[in-house]
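The following pair of complexes shares a single chain, subunit A, combined with subunit B in the former and subunit C in the latter.
The block that comes next holds the complex of A and B.
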């Protein structure tokens, strides 16, 4: 027996109440982690962006296009090592096997030099250069569409009319977890030469540059934008991180609100736990009087109650973390990555979020036990001994 | 033969409680000397101040005025923390309703006061076994209070009271919740602790038959010793 025996045995005195409270903490930890995971996953692409890559888009809006010859001008800017471009295709699967995936028309000669965290074999690249309607897909998308190299595939677009037929010439694999594995890449010249794109002929969506020195990223970006200052279409060049954040920037307020919600949930469960501990302390007031009478100092009685509260919170926390592993990391996460990889390339609760949840559980245990513990430790012994429950 | 030295000396004790703004004088200018090694019973009607006096001797409460010296310590000068430590070393408590912790076994209940000492686990175990052997319950060590009879529970409580070898045992109606046979067993045990282990016992009781077992009987009425 030691000083932890008493508080740990107390957990089982009102089994039903303890179990219900542990479940409440467990669910709060699950929701807390789910919200945090959502936020982390949303920002993952930005957080994991390459420091030596910058993106250039139309100064007014990403939806406005730039003249194609800008890429040649950009490549002349000192500090730019390599550059490529892409157009947004708003691709859709006519068979609706996947709700969303990104379709880009890209420069087949330079795309993989810049976006080198998408891995393809030299044979696939060679085949792409020889096939005008060749497409390279992410491995996850190829699996969803059940496509192999050599397969024919038809996709549609929200921008361009009709059906678009492609031949799969390659499948890329990601070298980083945050690389979208559901992108459909095809040749920009194929798009540009199609009569259906007459209004955007010789125009590109955005440019991506690999720079020589990431420390001078801001200077190089400035130089690029200065180059087009006097043109009809001015540009805005930002780091890849800022470019990625631009897509989720509109949701910043929602993400902040979610953060607040996760804290409110913790506050609610703190009150639930505080209620449980208060009821227990009230029922055992006489017992605490006995402990004080036989010589336990007020601080020790306080520690017994805090220990009990902490044990309940940690039991709920550990169960919650287990549930997070099971529900988010093994069920929901893979499902989100498969079906929504355009938004969530890597939907996974990181270890630090789990540690944060456990720390939050421990903290709420101590906070919830604080007031009842203070009450019990300050009780007059003779009053406590008179209390009969 | 010289008189035994007093282990409890109370002088000029006043204790006043307040019901709202109305003062209730429970003890008035009370003086008491309890010689070391005695077995004393304190009787009196309900509300006469018996338990209040017991609480003052045991260091559970403080007088409104007056001096309380017990086992060489002036209790009115000790802080709450010092008083808690003093109680754990000097006083053994026996309550009317046993007051065992239901989630702990008999042995663990007896061990509780020893958690406040520097004794190692094996040393504590030895003390617990000795205390339970003295009260005749060495074969009930792993039983929980609910698995014991009332008399056995009170004997476990007595083992808890003596396990840290206190100088004084205070007992508040120790037989109040027991049948006659169990009450006799408990009183015999207290008598043995007094005679064989020389513990000073100060017992509050309503029961004249119980008080008969003590060597000194006192009566408290309206806050004054008769």
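The block that comes next holds the complex of A and C.
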């Protein structure tokens, strides 16, 4: 008999209890990973943003626009390779097939040069230049709306009154996992020429620049903002990551709370495991007395109990990780990506989260076993032998 | 609510049975819980944490109702048709006078037009920045809402660049405390001169300044974002709505202010509710397993006692109810501890979240109502009942002869 046989045999003595505890740990690992995956997925777009793109917005408010001529000034800034702009259209689907999707009025001549991780064919681009009310949309949105190239579509807006008629001239596909596949793009000049644009004529929402080298993005950003510093409308240039985070920013507290909640479940399962181990230890107090009496040192007894606790926790951890792989990465994740790609472009539990979960399981096994192990190793042999229950 | 009552009745059933029939005295269970105090405490603490998370989610999901507190039934909000929020609305100045026309409008309260804009502000603690909603209101705008109270400093002087800040965000952002200022545009600052409260409503997460000053600073002289109209009676709503929405001179949408606020936070509330529900269900599974393990242990440990009780003449049903009652009490102890944690949360923690409609931050105070505690306790009892069911059935099946043979 060695350090591992006794704990592993012990697991089968109260089979029901061991199985229930393993299920509890498994469940905790699943919850932990699900919450972490949610947080990771929420930040994914920002984390994956291209390092060589920076965004320039109005310094004061996302609802305030910049004069159109800013784009020409921006293009003169050294370090800016290409630049484009967009306006927020606050697009809505009149048939409400999708709760939210982004609608941008963009410059059709430069948009795809800068946003080069959205892929369109040269024919589509050529058609866009020919069609004033032409629109290019993400493949996922096209599927939701059941649209093909050549279809007509009506969109409404939270900002601009009435119905807006577009003709689909193209569908873009993502070159990166985290590209939003639900964006509706149409020509900025079409918006600007419409009489309903009375309050924002010749104004643009924000500008995006590709820069020559990403190491100097902070310097280039500063140069851009300096250029507009003496104007009435000052700008704020940030990395595309920070720009994307600006929209997720308001959820920071929710994500932080979720983070805490994911630790609470570990605490709960630690209590459950500690309870299981201490019940077993109490039942076997007599036996530990015998072990001590035949010469096992206290440290050995402690290791038996810690080992048992660790084994249960790891069994639950491994089962949990397997379940995560199966449920999240092969069922729930693809489903979320297909149906909610406006929010989650990429819903996947990364390896490091799985590793974190396994490490957490091991740690909680040691913590939960700690107290009962201490209790058992400190027992006086005579007291332990006297206990019969 | 009905669900709550049904579950409550089911939970009370074992106790009623205990009293009505010749049952095992509950003292027996109470003492058993005390004797196994470590196990009892570990299980109860686990349940307490679940109840804590459950109640927290419950309170977050209630955000709509809390934030809608400012909405009045006798006040309507008018926005451009198609706008879902004040932020994206635009109404020409000259229309404001026309809104006063219909007979339903209160002569005392009248009509106010306001401009709403979100401004980025840095957190005072250096943790990034968020959008803050700035409202430009006319001189009568504060009196229009009797719930607004200046709690420190003073009210802004009309026509100046003075502003007041809602108590929920005062001090949270750089520039948003009395004496500080926030730039709307180059050389167009808003100077904070006071702090106001609004009975917990979302106004408390806004900055209020002068309508004309803010409009001029933003270059939007000719428009307001939204209009509010005080009616003579809440029942006048339908008639007034009819009058405005059918008027061909403008294409407007009329909503009750209370409905508007509720709709504003509906998206955020749904998001939080769904998330909270999923988490609560998963967490309660873990807690129920915990309760089942403990009760299983209790049954195994006490099989001799159970056998004795059976031999003394207590029925199977008596044993079943006895163990069920024990499980429920064990879980409710956890529920009580969890409720205490909830109380701490509601007193000390305020929580900033995004309003998806305006992209701005609303600071939310957890509101622990009696209903929250009632739900939390019933929830904990329910976990005890479900977790304790199988062990209790096992206990009721213990054969007296075998058990006493040991």
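Here is the rule we go by: the second predicted complex is superposed on the first by the 382 of 389 C-alpha atoms of A that agree within 3 Å, B and C clash if a C-alpha of one lies under 4 Å from a C-alpha of the other, contacts with A are read in each partner's own complex, and residues count from 1 in each chain.
Rule of thumb we're sticking to: contacts are C-beta pairs under 8 Å (C-beta built on N, C-alpha and C of every residue); 3 or more make two chains touch, one makes a residue touch a chain.
Since this is a predicted model, take the numbers as computed values, not measurements.
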item: Joint occupancy of subunit A by subunit B and subunit C, clash or fit; value: fit
item: Subunit B versus subunit C as contact partner of A:232, first or second or both or neither; value: second
item: First, second, both or neither for A:64, with subunit B first and subunit C second; value: second
item: Apex subunit A: angle to the C-alpha centres of subunit B and subunit C, given in degrees as a multiple of 10; value: 90
item: Subunit B versus subunit C as contact partner of A:9, first or second or both or neither; value: first
item: First, second, both or neither for A:331, with subunit B first and subunit C second; value: neither
item: First (subunit B), second (subunit C), both or neither touched by A:292; value: first
item: Subunit B or subunit C, by number of subunit A residues touched; value: C
item: Closest approach of subunit C to subunit B (Cα atoms, Å); value: 14
item: Touching both subunit B and subunit C, residues of subunit A; value: none
item: Touching residues (chain side subunit B, partner subunit A) in the complex; value: 55, 58, 60-61, 80-81, 84-85, 87-89, 91, 93, 95, 99, 101-104, 108, 111-113, 115-116, 121, 124, 160
item: Contacting residues of subunit A [partner subunit B, same complex]; value: 1-3, 5-6, 9-10, 12-13, 286-287, 290-298, 300, 380-382, 385
item: Partner subunit A, residues of subunit C touching it in the complex; value: 38-39, 42-43, 45-46, 49-50, 52-53, 56, 80-85, 87-88, 90, 117-120, 127-131, 183-186, 218, 220, 223, 251, 267, 272, 275, 279, 282-283, 285-287, 289-290, 292-294, 296-297, 300-301, 351-355, 359-361
item: Touching residues on subunit A, where the partner in the complex is subunit C; value: 14, 16-17, 20-21, 23-24, 27-28, 30-31, 34-35, 59-64, 90, 99, 156-162, 199, 231-234, 236, 245-247, 249-254, 257-258, 261, 264-265, 267-269, 271-272, 274-276, 278-279, 283, 389
